[in-house]
Amino acid sequence: MNDMNISRPFDLLNNAIGKPVLLKLKGNKQFRGKLQAFDQHMNVVLEEVDELEDGKKIETIGKALIRGDTIIYIAP
Amino acid sequence: MNDMNISRPFDLLNNAIGKPVLLKLKGNKQFRGKLQAFDQHMNVVLEEVDELEDGKKIETIGKALIRGDTIIYIAP
Amino acid sequence: MNDMNISRPFDLLNNAIGKPVLLKLKGNKQFRGKLQAFDQHMNVVLEEVDELEDGKKIETIGKALIRGDTIIYIAP
Amino acid sequence: MNDMNISRPFDLLNNAIGKPVLLKLKGNKQFRGKLQAFDQHMNVVLEEVDELEDGKKIETIGKALIRGDTIIYIAP
Amino acid sequence: MNDMNISRPFDLLNNAIGKPVLLKLKGNKQFRGKLQAFDQHMNVVLEEVDELEDGKKIETIGKALIRGDTIIYIAP
Amino acid sequence: MNDMNISRPFDLLNNAIGKPVLLKLKGNKQFRGKLQAFDQHMNVVLEEVDELEDGKKIETIGKALIRGDTIIYIAP
Amino acid sequence: MNDMNISRPFDLLNNAIGKPVLLKLKGNKQFRGKLQAFDQHMNVVLEEVDELEDGKKIETIGKALIRGDTIIYIAP
């Protein structure tokens, strides 16, 4: 799917499956990883995840389910 | 559509599709970008996004899905 | 409509359409502007908006959609 | 209605229509005014309102719609 | 009703109608008063209320409707 | 019921009825008491309750209804 | 089930039943334990739990029901 075809916000997530994304969370937390799954609450599963706090990597995680309600934005 | 035709708040978003908008979020965060999509939760997709914190640009993002529940206001 | 006719809280908003209102938000933020539209979530569109923080004007905005869940009160 | 007749919490609000009430809000904010209207979300309209912060009057407002979700208590 | 008969949490409130209760709220606020009414959101009406902050009485109120969502616990 | 039989989280609460539990709440608050009742919102009634703050006992309560939305965890 | 088969976020939890997981919560709290059960609110039951705060173990718990709404992420 060409990413010009975004008419609903979650199309961005559909287009990003299998690709690297950046997540910014409330409280200066960030995650970088490959998007594996998401649901209508914006809960997401990332693979090969770097967890950053105030810009510094604090943890490397194989896979994580991140709750949607802590997310500020997701960028492909 | 003439923007005098706003009778419901989300008409403002309909009128702003494809145009630059300013988003202010809780926690002194701002985003400037072109509005590509939105839904009934006020989740939005912006393109060519500048992320600002306390007025200073901290990140440039090609495209981002921003959660509606972190938004204070959207201005076209 | 005479504003003595308020029997439900949102009648105040109906009466204020097209008129100047003051909005106080959580976090010492205020907006002054003309009320153009509102919905059942108290999301509002203001025109010719002054944004104030701790009583000082920090931004002038032509038009803004302000989320209802950040509002403390609306005064006509 | 005799105020001994309160069997549901919102009966207190029904009994207080047209009478002075005190509202305490999250964040040391208080409002004193005459209760004009309320709804099931505890959104209220007050008339002839004094807005107080930490016990000091900071604003006098003719009429205000105050969101229910910021309220701690309402006392007639 | 014997208070051994509590099989659902709100039975505690049913048993406490007309009796003194202690309410602890978020933000070190407490209320002591006689429970007059409650609803399924845990909104309560207290009579002859002492409002305490950090353990010190700051206000005496004849009657108050207290929102359920600010409550930590209610003790008969 | 053998506590290996937990297939849904609330089975833990069913198994703990009549037994001592530890509750940790947001804001460094803890409660220790005997679990008497709970509902689907995780509202619980405890008996013979010790209330602790930062690990120190600050109150002893005969019985308390504690709101589910302030709870971090419940341990039998 | 092979963990490549994650098409919905909660599949990650299904795959992790009976296995060790790491939970990060709001407020620098972490839990490590074996996942025994979960529900659609992301409420989880862990066994043989270490509770950590700012990276230091502060409590060892046999079993705990942890509320979903305090979770930032769950990693198998």
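For reference, chains read A, B, C, D, E, F and G in written order, and residue numbers begin at 1 within each chain.
Assume contacts are C-beta pairs under 8 Å (C-beta built on N, C-alpha and C of every residue); 3 or more make two chains touch, one makes a residue touch a chain.
It should be emphasised that the depicted structure is a prediction, and the values quoted were computed from it without experimental measurement.
A.B. asks: State which chains count as neighbours of subunit A and simultaneously of subunit B.
C.D. replies: Common contact partners of subunit A and subunit B, which must touch each of the two, are absent.
A.B. asks: Distance between subunit B and subunit G based on Cα centroids, please, to the nearest Å.
C.D. replies: Measuring from centre to centre gives 34 Å for this pair.
A.B. asks: Taking the mean of the C-alpha atoms as each chain's centre, how many Å separate subunit A from subunit G?
C.D. replies: Roughly 19 Å, centre to centre.
A.B. asks: With chain centres defined as C-alpha means, what is the inter-centre distance between subunit D and subunit G in Å?
C.D. replies: Centres of subunit D and subunit G (C-alpha means) sit 43 Å apart.
A.B. asks: Would you pick out the residues of subunit B that each touch at least 2 other chains?
C.D. replies: 69
A.B. asks: Circling the ring from subunit D via subunit E, which chains come up in turn?
C.D. replies: Beginning with subunit D, then subunit E, the ring reads D, E, F, G, A, B, C.
A.B. asks: How about subunit F: which of its residues touch subunit E in the complex?
C.D. replies: For this pair, the touching residues of subunit F are 25, 27, 29, 31, 36-39, 43-45, 49, 61-67, 69-70.
A.B. asks: Quick one: in the complex, what on subunit A touches subunit B?
C.D. replies: Per the touch definition, subunit A meets subunit B at residues 3, 6-13, 22, 26, 42, 68-69, 71-76.
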